[in-house]
Each structure stands twice: as structure tokens, then as C-alpha cells.
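Two complexes are shown next, each including chain A; its partner changes from chain B in the first to chain C in the second.
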Partner chain A sequence: MSFTSVTYIVFLVALTVLYYVIPKRCQWMLLLAASYVFYCCGGVKTVVYLLFTTLTVYAAGLLLGRLNAQRRSLPDGADKARLQEAIKRRKKAVVAAACLLNFGMLYTLKYWDFTAQLLGRALNRSLPSLGLLMPLGVSFFVFQSIGYVIDVYRGKQEPQRNVAKFALFTSFFPQIIQGPISRYNQLAPQLYAERTLDYDKLRDGIQLILWGFFKKLLIAERAGVVANTVFDNAGQYPGSILAAGTLAYCIQLYCDFSGGIDITRGTAQMLGIEMTENFRRPLFARSLTDFWRRWHITLGGWMRDYVFYPLSLSKPFARLGRWSRGHIKGKAGKILATSLATFIVYLLIGIWHGSSLKYIFFGFYNGIIITVSLLMEARFVGWRSRLHMTDDSRGWNLVRIARTCVIVFIGRYITRAPRLLTGLGMLWRTVTDFQPSALVSGSLLGLGIGVMDYVIVICAVLVLVLVEYAQERGVHIRQWLAERPAGVQFIAALVPLLLLLFCTGGDYVPAQFIYAQF
Partner chain B sequence: MEKLIQILTECCPGIDFANETALIDDGLIESLDIVTIVSELMDAFGVDITVDDLTPENFNSAESMWDMIQRLK
Partner chain C sequence: MTAKKWLGLFVAALAVTGVIWAGFNVITDSYGVFGDRFLDFYSYDMTRNPRVAKIAWLDEHHDDYDSYIIGCSGSSSIPTEPLNEAFDANFYNMIMYGADLLDVEQTARYLLDNYEVKNIVVSLYVDNAIEYNVGEDDINSRLHAKVSGKPLLPFYLKYLFLNPSYGIDKLKSYFSDTDMPQVFDVFDVETGAYDKRLRDVEPIQTLEEYVEQPEYAVFANYPTGQYGMTQIDNCVKSLTAIRDMCEEAGVNLVVVNNPCYVDYLRYYSADDLALFAQKIAEVTPFWDFSFSSVSYDPRYWYDKTHFRNSVGDMMAAVMTGDESLYVPEGFGHYVTPETAPDSSDYAQDLRAPEDSYTASVPVILYHHLDENGEGDVTIRTDNFRAQMQAIKDAGYQTVSPEDLYRYVYEGTPLPDNPILITFDDGYSSNYELAYPILRELDMKATIFVIGVSVGKDVYKDTDYAITPHFSWEQANEMIASGLITIQTHTYDFHQWPLYEAEQSTARENVLPLAGESEQSYIAALLPDLQRARQELEQATGKTCFALAYPEGQSTKLSWMVAAKAGLDMTFSTRPAVSTVIKGLPQSLLNMPRISVDDITAEELLATLADAGA
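Presenting the complex of A and B:
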């Protein structure tokens, strides 16, 4: 059931009405039933993987909770330290088992065929590929569940003892397709709370869903046609058209993913649930690090808390840090271990996106740029001060934003192209065979969409950039709108509705969300 | 405490560590800074800071970091 289908709107309206009508103590049960209905609409066979994760992680949580209680109740005495250590070892074994089972499942589903292909080539023999059906949102629900296990292990979270309630946390339907990757303490209490209808939240939710439709249906769908035409026939076009196709893909990806998240968060808001933000205007990022703090925020946060911190503070990294501080002069010595951990995290983020060499390359690309910029930071500061530029300088910040856009733009050649070498070849042709005249010779009109579509995309992107610029400057658009006269509010709601009604449909069939495949 | 402020200022110049009380909440220091600070503190004060200690409450101000160090000693 796609977020952009009429079926989904009917499903959501019916669910919302029912949610506020039924006895409050049954509300979470209704959400659980709705979540499984939603999931099964995407394929009944793959629900077994969701159940596997739910049950293994639920059991791990219970075991960890029991061990945490044992550890707390140890009596003072000579044996306390030894017993604490023994319990800690058992807790580690439980976490390791949960990770092994779930990441093992994820690996088998998502990466085994790719590994078999690579190994087969290396060993010069064919290894069997499994060709398993990819469950919807598998990376999202596995990561979210493992986050819960680690939180219980660390004693930051009490385990959930009701298996049905826990099942709701792993399967909550708005987020199952493409996140955000929520934390248990942030989401779960809201899912189980008893609620009465809050008109402000309902209105906010509907507005956010409309904004998501605006991004997905008006912009992403059209930009996607251009991107698909260019990338599917890359050999036919000069560099300038390849660049235009990649730009279209950048626009498509942002509007598709953030639009989908807006629909997710809007849906939850209608049910009185506030979900965490996953985007914070990445267009205005001033560095690649800043970009990753603004793009897919919950994946970055997950990696920071469950990979980067444990890795950076692990004994081998602490030893490496001590060694580098003693043997390498200056800042490089101080941050070598941290930089290595950062590099590993970005490599993992790349691999998270899929089983292909291009994603590994994408991870390297991000990791290398961020690591080098960390190591060179002092030098950059020196150059900047010689040019009399400060962090507050408007010109300097514009340069930084443009620089980040270019770095991200180059990365998209790699991730969108069907293969790594195709992406690199397209990039090479953009530099060596640009042919700017192709941009005005009418070639753009042969990319699958007409003049009117280009006008719609350009106008809609301008609106999007203006809204995000205002938000970047601290303006709360929805609050600002709520304070305007009723007529202005009516027009603000009517214009996007009319645009959605009259400018969508036609030859376009709304596609699946791009991040749903991850 | 003076030694702590000096270390913090060396790790993240330009932040008023003596008076700031929302270093994490206001985004003044981030994950990379925290790891750099932690490794400096472990060396300077001989304490073992683990990932469990990495909470905003422990790093929001120089004072809270000082309290954490005293606890871990």
C-alpha cells in the first residue's frame, strides 16, 4: 500500500476515526493490527522476517532485563566484582546473539547474493545465489530493534514485557517503509499512551502530509522521469545532459525521501504521535559532516551512538590514540584514532544503502573527504584567517554551501548509476565532454517530460527552497500560517490541494519510494 | 577544575567552558569533539570513561564533566 495511493488515504482516514472512537485502552492494539495489515499489503510472505526480529529482540530484551536486575541486587561482599563481571559477560553474549541473528538475517537477505557474486568471481567458480524476496523496510526495523537491545544492555531502558506492545514498536506502520529509525524511549511510550482527539495535531498532521505529497508528487515524480531517462541511456548524452540528469536525481532523491518522511510524521501526528525529525534542510549544509547531520538524521544518530562511540572508546582505538599522540605531531596525532572511527562509520553508512560496489565506493568517498577535512582543519582555518574570513562571513558561508552541494552532487553520480564504472564514466564525460550548447538546443525536452512539467518542477523547487530558507532563519512556517487571517490559511491549504489535484496523474504512475528498497 | 577548563579550551577553542551549561543541548560540542575530549580526560585524570558515561548530562558543562571525573576516580 503506497503512501501516495487512494487506498492509503482511505486506510488512514478510517484508522484515525476508529482510533479516536474505540475505548482508549484498545488504541495501541488497533495500531498493532493496522500495522500488520499495512505490512501484509506489501507481501504476506515477508512478514516472517519482521516476526523473527520482533521475537528474538523481545527475548533478548527480557534476558538483559533479568541480568540487569540480578546485577543491581548483588549483595556487597568480596565476590561482588567477580559476579558483576560474570553477569556482564552474559549480557554481552545476549547482545552478541541478538546482533548475530538479526544482522545475519539482514546480511543473508541483502548482501549474500552480492557476496556470492564477488567470491564466485574471485574463486572462479559459481556460488549459489539465494534470490530471496527483500522484506519491506528490513534495514529500518532491524536497526531500530538492535538499538533497543543495546539500550537495555546499557541499562538506559527497561525491557518491554508485553510481546504485543513490543511488536507494535517494531512494526508501527508509518515508519516501516523508510524510517525514521526511532529510539524506543522516544517512540514506544507514545504508541501505548491513551489519547483523545487533538484538533491542532490533526491539522498539523494533515498539513505535513500535504507537504509530503507536494514534494513527492509534484517534484520527485517529474524529476525522476528525467533522471531515469538520462541514467538508463547514459551513453547517448553529452556531459551537460548527464549533469542535468544527476541534478534531477538529487532533486528527486531529496523530495522523495523527505516527502515520504513528511507523510510518515504527518500520519503519526494525526494519531497524536510525534516522530523524530529525519531531515533538517540539508541544502544549507556547510560541510559534508554538516550534511550528514541534516540528512537521514536518525541513521547518523544510530551510527554515532551504537558504532562510533563504542568504537572510538574501545581499547584498540584508545591504544591507537595514545600511540598516535606520542608519535605523530600536531592535531593529526590527536585525532587519528577518531578519524579512523569516523571513516569506518561512513563506510558502514555506504554499505547500509545496498549490496553493490558503488555503495562501498560511496562510503569510501564520504569517509575520505570527511577524514581529510578533519586532518586538514587547522590548515583551512589558517587560510581563512589570511583571507580575513570568519565563520559568520556571509560570502564564506555561501562558498561552503556551494562546495558541499558539489561534493554531494558528485556522490550522486555513483549511487544512481546502475554500476560503479558507469557512474565514474558519466562523471568523467561531464568533465571532459561537457558541451553546454546541448542545454539550450532542446535536448532537455527529449528527457521524458514537457515544458509545463519543467515549469511545475522549477516553481515547486523555488517554493521548497524559499520555505526551507525561512525555516533555516528560524521562521516556523506552520505557526506563522496559523496566526494569519482565515482567508490566508484557506488559500495556503487550497493552492497545494489544487496543484496536487490538477498537476499529478496524467502519464505518471507514482513510483515506490526510493528508500523503501533499502 | 582549572586544568579541565584548559584541556577543554585546547580541544574546542572559542567556547566559554567556564560559563556554558548546555554544551550538548545547544550543539556547541558534537560527537567528534566529545571523543577527543574523552581521550584527553582519560589521559590527564587517569579515569576510564566508557560509552555508558556518554550522556548529555555528563557533558553539558565543565562542572558536570568535573563531577563525572570525580565519580570515576
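Presenting the complex of A and C:
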């Protein structure tokens, strides 16, 4: 059931009405039932993977909870330290088992075919590919569940004893396709809470969903056609068209993904549930690090909390840090250990996106740039002061934003191209064979959308940028709107509805969420 | 404003949106369900869904009709005109692409219950025995709720709240519509049949050339397959229901089993085909056209089950007893239970020898003659005589365009080794130098005259001297000999730019001018051809039906315009031997011609031999 289908809207309206009508203690059960109905609409067979994760993680949570309790109730005495150590080992074993089972499942589903291909080439014999059906949102629910296991392991979180309630946490329908990857302590209590209708939240939810539709249907679908045409026939086009196609892809990716998240968050809001933000205007990122703090925030946060910190704080890394500071001069020595951890995180983020060499390259690309920019930091500051600019001068920030955009833009060549080498080749042609005249010779009209579509996309993107700019400057658009006269608010509701009605669909086959495959 | 108030406002905005949505769909009416009152663009609506739009159209116009052809897309080629004449009726073709017999049954019931009906022609084909009750929910192939008996409210609501993209597409199509049939308007609203104006004028020559074209390449090596007649019982059930309804209403029922391309027919076993015929015959006698020599030649076919309009004309001729039209032997049987074919009938090889229904005719092209043979397209008089003598001695027998026309339309045999001698432009030298030689040798020839130049030795409306052209009197004198045919080379579409006031808009041939719109092109060419015909017919008293394209050039649009002007035979200058095919008028279009200049008689014979004559 696609978020942009009429079925989904009917489903959501019916669910919202029911949710506030039924006895409050049953509300969470309704959410659970709705979530499974939603999931099964995407395929009944793959529900076993969701159940597998739910049950193994639920069990791991219970075990860890019991071990935590044992540890707390250990009597003071001579063996306390030894017993604590033994419990810790068992806890680690439980976490390891949960990770092994779930990441193992994820690996088998997502990466085995790729491994078999690579390994087969290396061994010079063909290994069988499994060709398994990819369950919807598998990366999301596995990561979210493992986050929960680690939280319980760390004693930050009491385990959920009710398996049905836990099942709701792993399957909550608005987020299952494409996140955000929520933390148990943030999301779960809200899911189980009893709620009365809150008009403010209902309004906010509806507005957020409309905004998501705007981004997905008006912008992403059209930009996606251009991107697909260009990337599917990359060999035919000069550099300028390749660049235009990549720009279209950047726009498509952002609008599709963040629009989807808006619908997710809006849906949850209608049900009184607040979900974590996943995007914070990445267009205005001042550095690549800043970009990753604004783009797919929950994945970055997950990596930070469950990979980066544990790695950085681990004994081998601490030793490496001490060694490098002693043996390597200057900044490089100071940052070696952190950079290594950063590299590993970006490599994992790359691999998380898909099983292909290009994603591994993409991980390295990000890791290298972040490390280099750390090394160059002093020099950048020097340049800035020579140009008589302060840290928050507008010009300097524009330069930083443009620089980040270019870096992200280049990265998109790699992730969107069918193969790593194709992406690099396209990048090369963009530089060596740009042919700017192709942009005005009508070639753009041969990319699958017409003049009217370009007008719609350009106007809608302008609106998007203006709104995000205002938000970046701290303007609360919805609050501002709420203070306008009723007529203005009516128009502000009617115009988007008419735009959505008349400027979407038709010849455009709704593109499935790009992120659903990750 | 409080959130609660905002929600009220939002609901109001939703309501307004709904009203605009429904209003837009009623106005654009992409499927014609609301009567298409604003755009009146039914050819579009029928293309979207003929089942729905034709019923909507007939609800308004059924008084103009009293008889219906019902069936799937093959039925489109069954012509209404001869049936109208034979049955003294007004037929409407209800063809619905992909129709199964449930569609046909329900449509027949609706027509009988709601309109005045005299005749119903049900057109079947073998696939009716494998597909039944399919596509009922698809928006493009569902039946009108009035016909299917499904609830009306949800039906109309669906179209009221249809995705506006349909309406937008219809508006776009409406404003880009032209005279030519396009992908969005393939129906002729008045007859209900497909608009085949363009398809009917695509030139057809040899089989090899035909299957070289991408859209007919499938015939070169037709894929094999195997089908079982799983729905034959449902098919018979529906046909029985139709028969009973017609009997009850006192309506004449004619059932036709459509022609089928042989390689596709072979998907079914001969036993199944015989069973199909037997079962149908048990319900009602029917005309069986499914298997004949026509099934073997791809040139009679658009694809496996879609036969050309000219095949439909032959079917009508068989059913109405019209003997003036060519019909191949064994084409069409009236089948009763007693005369139903058995499996051995379907297993035989009915392929006709190609020379029994096609003929190769070299067409040679001359322009001007003089004593010296100066110029590209001029031949010396002596040499012309020598060439004619050589042709005659080589056993060629000259024919007229009318001979070819009658061969194709009526099957009238041609002499052995037929050849067509033609002259373009209508120069006086044709009369003064060529005609005496032709008369002496008793050979036929055809001259294509430029209407505006007849009898002129100066360029029209100027004093510029040109090669003199013979007059209508001279033309009539030649015609009276019975040897010469005068046909047209356009009225004034063979201009000489240097002598024209406005060189950039001079018409050297019938190709459109650079950037010319379809409309203004038709507005220029059609009257020109009509005038050429009219003046020629008035001056000579003979029918003008053939056109040699100036410089041999033409476009699809010009083919359509020529056909509209009544010019059923056209000539190009592609150097090849022409092929004429019985029952295929398209073989008379854009016929190749071998242009001959001052070469020796031996060289001419060699050229003809090289071209395959």
C-alpha cells in the first residue's frame, strides 16, 4: 500500500476515526492490527521475517532483562566482581546471538547474492544465488530492533514483557517502509499510551502529510522520470545533461525520501504520536558532517550511538589513539583513531544502502572527505580570515553550503549509476565533455517530461527552498499561517489540494519509494 | 484560529476540491459517459473504452441506426455500406477491442431492449473459444453499467471522480487533434469502425517488402503456439442466448466466423476448429471465412486476426451475393449443421499459387521526345520507336490503368507479360511524336497531365516560354483511338519555382512546405486534386482515378488526401517492377515506375530484366 495511494488515505482516515472511537485501552491493539494489515498488503509471505526479528529480539530483551536483574541483585561479597563478569559475558553472548541472527538474516536477504557473485568470481566458480523475496523495510526494522537490544543490554531500557506490545514497536506501520529508525524509549511509550483526540496534533498531522504529498507527487515523481531516463541511457548524453540528470536525482531522492518521512510523521501525529525528525533541511548543510546530521538523521544517530562511540571507546581504539599521538606528528596523529572509526561508520552506512561496490565506494568517499576536511580545518580558517570573513558571515556560509552541495552532488553520481564504473565514467564526462549548449537545445524535453512538468517542478522546488529557508531562519510557517485570516487559510488549504489533484498521477506510474529497497 | 476550526475549514476545502474535481470530469468526460456535451470528441472517448463510449453515443444517436455489427476488433473491417445496401438498413459497427462473447451477448441484449433493431451481425473468431468474461473491471475494457447490469451509481461515481489526468490528456488531445487519425482517436464515430483512412492507403507490393516492414516482420517467421478451446461451452451459451433474444424480438441474426491468418489458426488443432464450427452451426447457421487462401498471404493482414478492410469488402460481397467484386475461390461458406466442415477440411493446404492472384507489371516512365534527345528526360523519337518495337518483340503486352484496376478489384485477368507505358507532364511531343508510333504499333500508353499546363506553351500567368503541352482536343483525339489513357499529374503541384512570384512557397511536388501545418497542407492539396479530376473528367468524359506524383514523391498525408480526392491508383518513381494483387487495392498505390531516358532498346530490355520483369 503506497503512501500516495487512495487506498492509504482511506485506510488512514478509517483508522484515525476508529482509533479515537474505541476504548482507549484497545488503542494500541488497533495499531498493531493496522500495522500487520499494512505490512501484509505489501506481501504476506515476507511477514515471517518481521515475526522472526520480533520474536528473537523480544526473547533477547527478556533474557537481558533477567540478567540485568540478576546483576543488580548480586549480594556484596568476594565473588561479586567475578559473578558480575560472568553475567556480563552472558549478556554479551545474548546480544551477539541477537545480532548474529538478525544481521545474519539481513545479510542473507540483502547481501548474499552479491557476495556469491564476488566470491564466485574470485573462486572462479559459480555460487548459487538465493533470489529471496526482499521483505519491506527489512533494514529498518532490524536496525530499530537491534537498537532496542543494545539499550536493554546497557541497562538504559527495561525490556518489554508483552510480546504483542513489542510486536507493535517493530511493526508500527507509518515507519516500517522507510523509517525513521526510532529508539524504543522514544517511540514505544507513545504507542502504548491511551489517547484522546488532540485537534492540534490532528491538524499538524494533516498539514505534514499534505506537505509530504507535495514533495513526492509534484516534485519527486517528475524529477524521477528525468533521472531514470538519463541514468538508464547514460552513454547517449553529454556532460551537461548527465549533470542535469544527477541534479534531478538529488531533487527526487530528497523529495521522495523526506516527503515519505513527512507522511510517516504526519500519520503518527494524527494518532497523537510524535516521531523523531529524519531530515533537517540538508540543503543548508555547511559541511559533509553537518549534512549527515541533517540527512537520514536517525540512521546517523544509530550509527553514532551503536557503532561509532562503542568503537571509539573500545580498548583497541584507545590504544591506537595513544600510539598515534605519540608517533604521528600534528593533527593527523590526534585524529587517526577517530578517523578510522568514522571510516568504518561511513563504510557501514554505504553498505547499509545496498549490496554493490558502488556503495562501498560511496562509504569511502564520505570517510575520506570528512577526514580530509578535519585535516584541512586549520587551513580553511586561515583562508577565511584572509578573506576577512567571520565564522557566521553570510558569504562564508554560502561558500560552505555550495561546497557541501557539490560534494553531495558528486556522491549521487556514484549511488544512482547502475554500476560504480558507469558512475565514475559519467562524472568524468561531466568534467571533460560538458557541452553546455545541450541544456538549451531542447535535449531536456527528450528526457521523459514535458514543458509543463518542468514548470511544475521548478515552481514547486522554489516553494520548497523558500519554505526551508524560512524554517532555517527560525520562522514557524504553520504557526504563522494559523494567525492569518480564515480566507487566507482556506486558500492555503484549497490550493495544495487542487495542485495535488491536477498535477499528479496520470501517465506517471507512482514510483515506489526509493528507500524501500534499502 | 483554533485547530478545530482549521479542520472545519479543511473539510470545506476538501468539499470544494471535490466539486471542482467532479465538474472537471463532467466537462472533459474522457469516457463519454456524461454525453460529452462540451467537447463532443467521441472518437477519443471510444478509443479510451469503446464499450462505454459507444453506448453513450448510441443513447443519443440510435435513431440513425437500425442494425448492428457486434464483435471484437476484427469486426472493424466488416464494412457497413454494402450491408446497408443489401439489407436496406443502417448499420452501426459496435466493435469493442478484446470483446469476448459475454460482452457481445450483453451488448446485444442492451441494443434489443432499448433500441429499434432490424439486423444483428455477430462477428466471431476462434479466440472466442478461449477467452470469456475477461477485463470486466479494467477501466478501458469494462462494459457500460447499463449493459452489464451492474449498479449505476458506483459506475458514474467512478467517472465523476476519475483521475483528472485523463481529462487533462483529453484536453491536450483535443487541442492537438488533426485530420489524420492519431493514437488517441482511432474510431470513426459515425460508423463505429476503426478509422482506417491511413491504413487503407499504405502501399503494398511484394511479399518480401511487406514482411521487411517492422510492423509486419512477425509474419516472416510466425511464432508457433498451441491453444485449447477451454471456453467453448460459455461461447456457445452466449451465442444461444443471442439467437433466442433475436428470435424473440423478430430480429435477423447473421453470424460470421472471421478470417484468421493461417499460422495463428494452426495454434488450434483441426479437430478443435471443426468442433468450433460444428457447435456454432448447431446454434445457428453462419458464414465461415476463417480458413481460405486469403489466410496464407500476410499482405491481406494487419496482424494474425486483423484482416484488411478489403478482405471485409470481400466478405460483404459473399454474404450479399455481390458478384462484381473479386472474391478468391473457396472464400466463405454458409455453414449449417449438415454442411459443417470436419477436421480434414481444416487440415488441408489451401495456399493459392502466387501467380493466380498477383501479377508483376513493369511500369515505364517517359517525359518528352524530340529529334535530338537533349535534356535528362528526353528521348529521341527514333529511339522511342526502337524501344517500343523491342518491347513488343520481347512479348510484352501493353495494358491500361483500367486493366490493372479491374484485375485488382474484379479479378479480370491481365494479358501475359503485361507492361504499362506512361508519360508525365503532357508534352505536345507525346501527341506529335509518340502517339503516331504507338498507334502504328497498336500499343497502349497513359499520359499524366498537369492540369494547369494543358495546351500551354508559356508558364501559367506569365510569358515564360516552356516546352509546349498538348491541348484537351488533342488529348481527346488520342483517347478516341482506344490506346491512350489520360490521367492526372496534379492540377498545379508541379510548379517551377523560378517562374513563381513567391519562390519559397512554390509547390514542385506534393510534399508539404517547410513548417506547413497539416490543415493548410490539406486545404491546398485536396482542392488541387479535386480540380484536376474535375477538369479532366469534364474535358475528356472519362473517369480520372490515377495520379502520378510529381517527381514521384509523396507522404502518408498525401496518400490520404489523394484517396479522399478519389484517386485510387498512384505512381511513384521508385525504380522497380510493380506488383498488383487481386483483392488488395493498396497494391495500386505508389506503384514503382522505371524512368527511361535516351538509352538503347537493348539497354531498356536489360533494365527491365534487371528489375525482375
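The rule we apply is simple: the second predicted complex is superposed on the first by the 518 of 518 C-alpha atoms of A that agree within 3 Å, B and C clash if a C-alpha of one lies under 4 Å from a C-alpha of the other, contacts with A are read in each partner's own complex, and residues count from 1 in each chain.
Everything below uses one rule, namely that contacts are C-beta pairs under 8 Å (C-beta built on N, C-alpha and C of every residue); 3 or more make two chains touch, one makes a residue touch a chain.
Computed from a predicted model, the values in this text were never measured in an experiment.
Participant: Where does A:200 make contact in the superposed view: on chain B (first), on chain C (second), on both, or on neither?
Facilitator: Only chain C is touched by A:200; chain B is not.
Participant: Touch test for A:322: chain B only (first), chain C only (second), both, or neither?
Facilitator: The first partner, chain B, only.
Participant: Contact-wise, after the overlay, does A:154 reach chain B, chain C, both or neither (first, second, both, neither)?
Facilitator: It touches chain B, and chain C stays clear.
Participant: Please indicate which partner A:334 is in contact with in the superposed arrangement: first for chain B, second for chain C, both, or neither.
Facilitator: A:334 sits against chain B, while chain C stays out of touch.
Participant: Look at A:310 in the shared chain and tell me whether it touches chain B only, chain C only, both, or neither; answer first, second, both or neither.
Facilitator: So A:310 only meets chain B here.
Participant: Given the touch rule stated above, what does A:95 touch, chain B (first), chain C (second), both, or neither?
Facilitator: Touch partners of A:95: none, neither chain B nor chain C.
Participant: Can you name the residues of chain A that touch chain C in the complex?
Facilitator: That would be residues 199-200, 202-204, 206, 482-483, 486, 489-490, 493-494, 497-498, 501-502, 504-507 of chain A.
Participant: If you look only at chain B, which of its residues touch chain A in the complex?
Facilitator: 30-32, 34-36, 38-39, 42-43, 49-52, 54
Participant: Would you mind writing out the residues of chain C in touch with chain A in their complex?
Facilitator: Of all residues in chain C, those touching chain A are 1-7, 9-10, 12-14, 16-17, 20-21, 24, 163-166, 168-169.
Participant: Mind pulling up the chain A residues that touch chain B in the complex?
Facilitator: Within the complex, chain A contacts chain B at residues 154-155, 289, 293, 304, 308-310, 312-313, 318, 321-322, 325, 334-335, 337-338, 341-342, 374.
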